[in-house]
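What follows is a group of structures, each given as structure tokens.
Common to both upcoming complexes is chain A, partnered first by chain B, then by chain C.
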Partner chain A sequence: MSDTVAQAPEKDRLFLLKVLGPTHVWALGVGIVLVGEYMGWNFSVAKGGALGSLIACWVIGLLYTCVAMIDSEVTSTVAAAGGQYTQAKHIIGPLMAFNVGLYLVMAYTMLEAADALVVGDLIHQIGVETGAVGLDPRAFVVLTIAFLAWLNYRGVLMTLTVNFLITAVAFVAIIVLFFGIQPWQEGQTIFHRELLTGLPYGWIGVVAALQFGMWYYLGIEGTCQAAEEVRSAGRSIPLGTMLGMITLLIAASLTWFVASGLLPWEYLGQSVVPLYDTARMTGSPFLQSLLFIGTLFAAIASANGCINDAARAWFSMGRDKYMPIWFGAVHPRYRTPFRSIVFLIPIAVSFAFTGLLDQVITFSILSGLLGYTFMSINVMKFRRSWPLGSIDRGYVHPFHPVPALMLLTLCLATYFATYLGYGAQLISILVFYIIASIWFALHRYRYVARGDQFTMAWPRPANY
Partner chain B sequence: MTIWSIATYVAWGISGLLLGWMLFDVIRVGQNYSESFLLSAREGEDELLHEAEEEEGRQ
Partner chain C sequence: MAKIYQPPKQSRLGQFIDCVFLIAIVYGSLMLPLLFNFGNGEETPPPETAAAVQEATWESLGQNAVMQQQWEKLGFDPASAGEIINDRFDYTIEPWSLGITAAILIGYFIFVLTFSEKEYREVIDERFGKRQR
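Moving on, here comes the complex of A and B:
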């Protein structure tokens, strides 16, 4: 099949459409993540108290800043869909690329399922509050996935423009909540002095909180999946990713500030929708409505971005024959990876129908964490094999190798944190990926387009 | 039948239509275009670069 691809004349070739700019990159990254500010981050409060959660927020913020810096540099040279999969393929080799590709598809598809579950639950909640009996949330879960998949199918520009709009509304809602509670009136409208009670479980609680601290930022690395569709990858990816990371650091800090100032940590650590609950504490119907819309929009934006990213990763693996090449097709009219988008729909619906939100999310987080761990190894080899000046870089991250070493250290600390709370899941997901790797090495690798997959105009590595 | 029951049926219906349309389109595209054309996207190739080169060639 690779022969037929090679024979296609240049002008008769299909490409993914290059129509995106930095705002779309921002919308993709922040859109996937922002739902984590609306829910999920607060489970870190249950582990380490409100102050422990703040420490986790900033420590994991450091982890993701390293991820964003490293991703920005590598992606500015590898302007191809697939993101970290493509990076691993070019820098390390096929087995790591297969694993990273699988992490990406699993992480985004599971996150998409969890987001759709949240949308279904929110609509179900409206129904229950307005007197509906026996309402089936699954109809709205499937509608969410089907509509967003259709949007993705029809074109990346509309998909990420919609994501930009709804993500911006969700972000502005957090800012409005912050000013709405008048944070300058300590003791009257906000009560940190009374509610911050130190570290209830000591420093081990803070370590345990690291796992849920990932919710503040999980998915920002998804920006590099847009690399093949941005007009200037060298400029847009670093700019969109860094702006996204700054946005998330602001949103995470504001979220923690307002929620921990209005809700006792014992309640905050259990809340399903902590920002909405914070808005309810203000007694303002406007803020309640706004934060409800913000929660809904954040979940939809996240699912939308996840469909985009999972499909690009699957498409790239298909194109290189890591998966059947049938998935490497581009739609002749909409210029999207349409077969990958459609293929992943039933998988996302299956995950969503399990209803196991926490298990699905834990698998998603662990898949992401495995990817970050490999990223630190990737960048060390990347800098050694292609030193500065040997290839064009749109962005060079500073202080190398400090970010890579810091990333590796923080990943190890987060594995330990995960082991404390979800040891069985950690072991089972590792077993799953080991079995998948054995299948790839013994069976699938013989189909991989070994020569055709390396198409970057890079010089030979320094240590070749 | 309450408005929420209707909304649930409408949600199932729209989902079915969207999924059906995508499946139909996947099959239709597969029948109307050759596989070599649909699979011709190559990593690292820049369509804008090709357009710019063609533009330069015309000049």
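Moving on, here comes the complex of A and C:
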């Protein structure tokens, strides 16, 4: 038996279209995440104070830099829809892959629900301010999800081109706000000296702040879901992801700077729309309008990217029969995972209407965190099973295994941060993944063909 | 050559039930903290604190002149701001609950990785042929 297996000829099978470039990868990654600068990151201020949030921003920035480096190497080599799910299937094994697929679907569908709620509330707010009182925000939640799902259904190129445009506007809005505040006039237009109060909870608060510090970057790893649809995975994924991380580091720093310089930390820690509130404090109608549009666009871009990624993860699991195979179909004309896109619409809407936004957001964050823990284990096994030179890699990340070990350490610190304040949610979410794992191992896996799961044209892994 | 596993075909009803089951356990885990009325770590201010908030001044809340100015720009007075300012997290660590959480987390990863390893060996053996060990 040969030690290398060629990919099976599948001439009758429909594939996703390879039409994307680095800008689309950037739009997917930053589009999902940028809403985190407009809202959500500031809950880290509640947990650790404004300075604690800044330290969390940097520490979690390091975590995500490790994620981006590791993901770029593995994804540029395992260029298939499903991203980390497909990586897990080839490198760790089926049960881990099933869990990773669920992390992705849950993280993105729940984030999409939270984004749609924000869009609904913002449009409702416009109605109130223009005299159209009585508009039901829930109608706009459904409309937002339905419209974006339709866009995704019709094709990935248009979906991510739209995402590029609205994400760029939202990013530019943050930069305009920064310069509009005239940050060089400390004590006149911005007041860090008077508003920064040290660490209200001490260093334990800084550790606790790591949990919501993830919001500065949560979802950048979603760029991997585009792997099967980019023209050149080896170039586009690393370039788009790294540029995305740079964009987010800039946006996160500017966001923290302007918000903490204008809002008391206790207010900032519980604000629903902190950047918009910051713009309100300037008294400039132009900045207020711009940040309102920025918030709206960021939420729409995030929901749009989440639909794209959740559907691809679900589709990939269906294609491998980890989930019913019905979901593994590609649209004959638009070449999109249309059934998965449509199936997840009511799920996302129902999450949005549970009234459990806190739980939904925490579920999303923790699913992401479990995924990052997997990545650190995954890359170490990847390098051991296929050492450098044994297979073609689109990109090789430097300093291995330092990023993997650093990622694992930071993940453990973030679990502890979640325990501080959200311990019950942490346990309940772990219980979900444990029950789902037992269900998969004892029931679902019997419908999965064994050898067919390994589709890469790689040699046999070392030690097997 | 390893024996090729032939998976059974799943009925449409079976596929539907599998989806429903998965969604049901997601909702279950979302509801679990509420059903058991777990707190989220935020301290409920004692009644005497709540009364104190009603009589609070910017000085008693520890707010300097700039903070006071910013709160007022946001539309708050000392009483309404006091509710936010006094709402604090409680970071008391209970060793037993931390231990249980850590045990569940570590146990989960050990279970998933161990079971995956067993399944992965079957996949590799079927794909590349069984190797003498």
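In this section, the second predicted complex is superposed on the first by the 447 of 464 C-alpha atoms of A that agree within 3 Å, B and C clash if a C-alpha of one lies under 4 Å from a C-alpha of the other, contacts with A are read in each partner's own complex, and residues count from 1 in each chain.
Keep in mind that, in the parts below, a residue touches a chain if its C-beta (ideal position, glycine included) is under 8 Å from a C-beta of that chain, and two chains touch if they have at least 3 such contacts.
It should be emphasised that the depicted structure is a prediction, and the values quoted were computed from it without experimental measurement.
*Asks:* Could you say whether A:Arg312 touches chain B, chain C, both of them, or neither, answering first, second, both or neither?
*Replies:* neither
*Asks:* Between chain B and chain C, point out the one touching more chain A residues.
*Replies:* Partner touching more chain A residues in the overlay: C.
*Asks:* Once the structures are superposed on A, label A:Thr354 by its partner contacts, choosing first (chain B), second (chain C), both or neither.
*Replies:* A:Thr354 contacts chain C only, not chain B.
*Asks:* Go through the superposed model and pick first if A:Gln453 touches only chain B, second if only chain C, both, or neither.
*Replies:* both
*Asks:* In the superposed arrangement, does A:Val142 touch chain B (first), chain C (second), both or neither?
*Replies:* After superposition on chain A, A:Val142 lies in contact with chain B alone.
*Asks:* Once the structures are superposed on A, label A:His24 by its partner contacts, choosing first (chain B), second (chain C), both or neither.
*Replies:* neither
*Asks:* With the two complexes superposed on chain A, say which partner A:Ala80 touches: chain B (first), chain C (second), both, or neither.
*Replies:* In the superposition, A:Ala80 touches chain B alone.
*Asks:* Between chain B (first) and chain C (second), which, if any, makes contact with A:Gly328: first, second, both or neither?
*Replies:* first
*Asks:* In the superposed arrangement, which partner chain does A:Val342 touch: chain B (first), chain C (second), both, or neither?
*Replies:* In the superposition, A:Val342 touches chain B alone.
*Asks:* What is the shared patch of chain A, the residues that chain B and chain C both contact?
*Replies:* 1, 5, 325, 453
*Asks:* Help me check something: in the complex, which residues belonging to chain B touch chain A?
*Replies:* Those residues of chain B that touch chain A are 2, 4-5, 7-9, 11-12, 14-15, 18-19, 21-23, 25-26, 29, 33, 35-48, 50.
*Asks:* Taking the touch rule as given, give the residues of chain C at its contact with chain A in the complex, in rising order.
*Replies:* Interface residues on the chain C side: 1-2, 4-8, 10, 12, 15-16, 18-19, 21-23, 25-34, 36, 38-42, 63-67, 70-71, 73-74, 76, 81, 84-85, 87, 89, 91, 93, 97-98, 100-101, 104-105, 108-109, 111-113, 115-124, 126-129, 131.
*Asks:* Once bound in the complex, which stretches of chain A touch chain B?
*Replies:* 1, 4-5, 7-8, 10-16, 18, 78-82, 86, 127, 130, 132, 135-136, 139-140, 142-143, 146-147, 149-150, 153, 228, 231, 316, 319-320, 325, 328-332, 338-339, 341-342, 345, 453, 455-457
*Asks:* Quick one: in the complex, what on chain A touches chain C?
*Replies:* The contact residues of chain A facing chain C are 1-3, 5, 46-47, 92-97, 99, 106, 191, 194-195, 201, 204-205, 208, 262-264, 266-267, 270, 277, 280-281, 321, 323-326, 343, 347, 354, 356, 358-360, 363, 373, 377, 415, 419-437, 439, 441, 443-451, 453-454, 460-461, 464.
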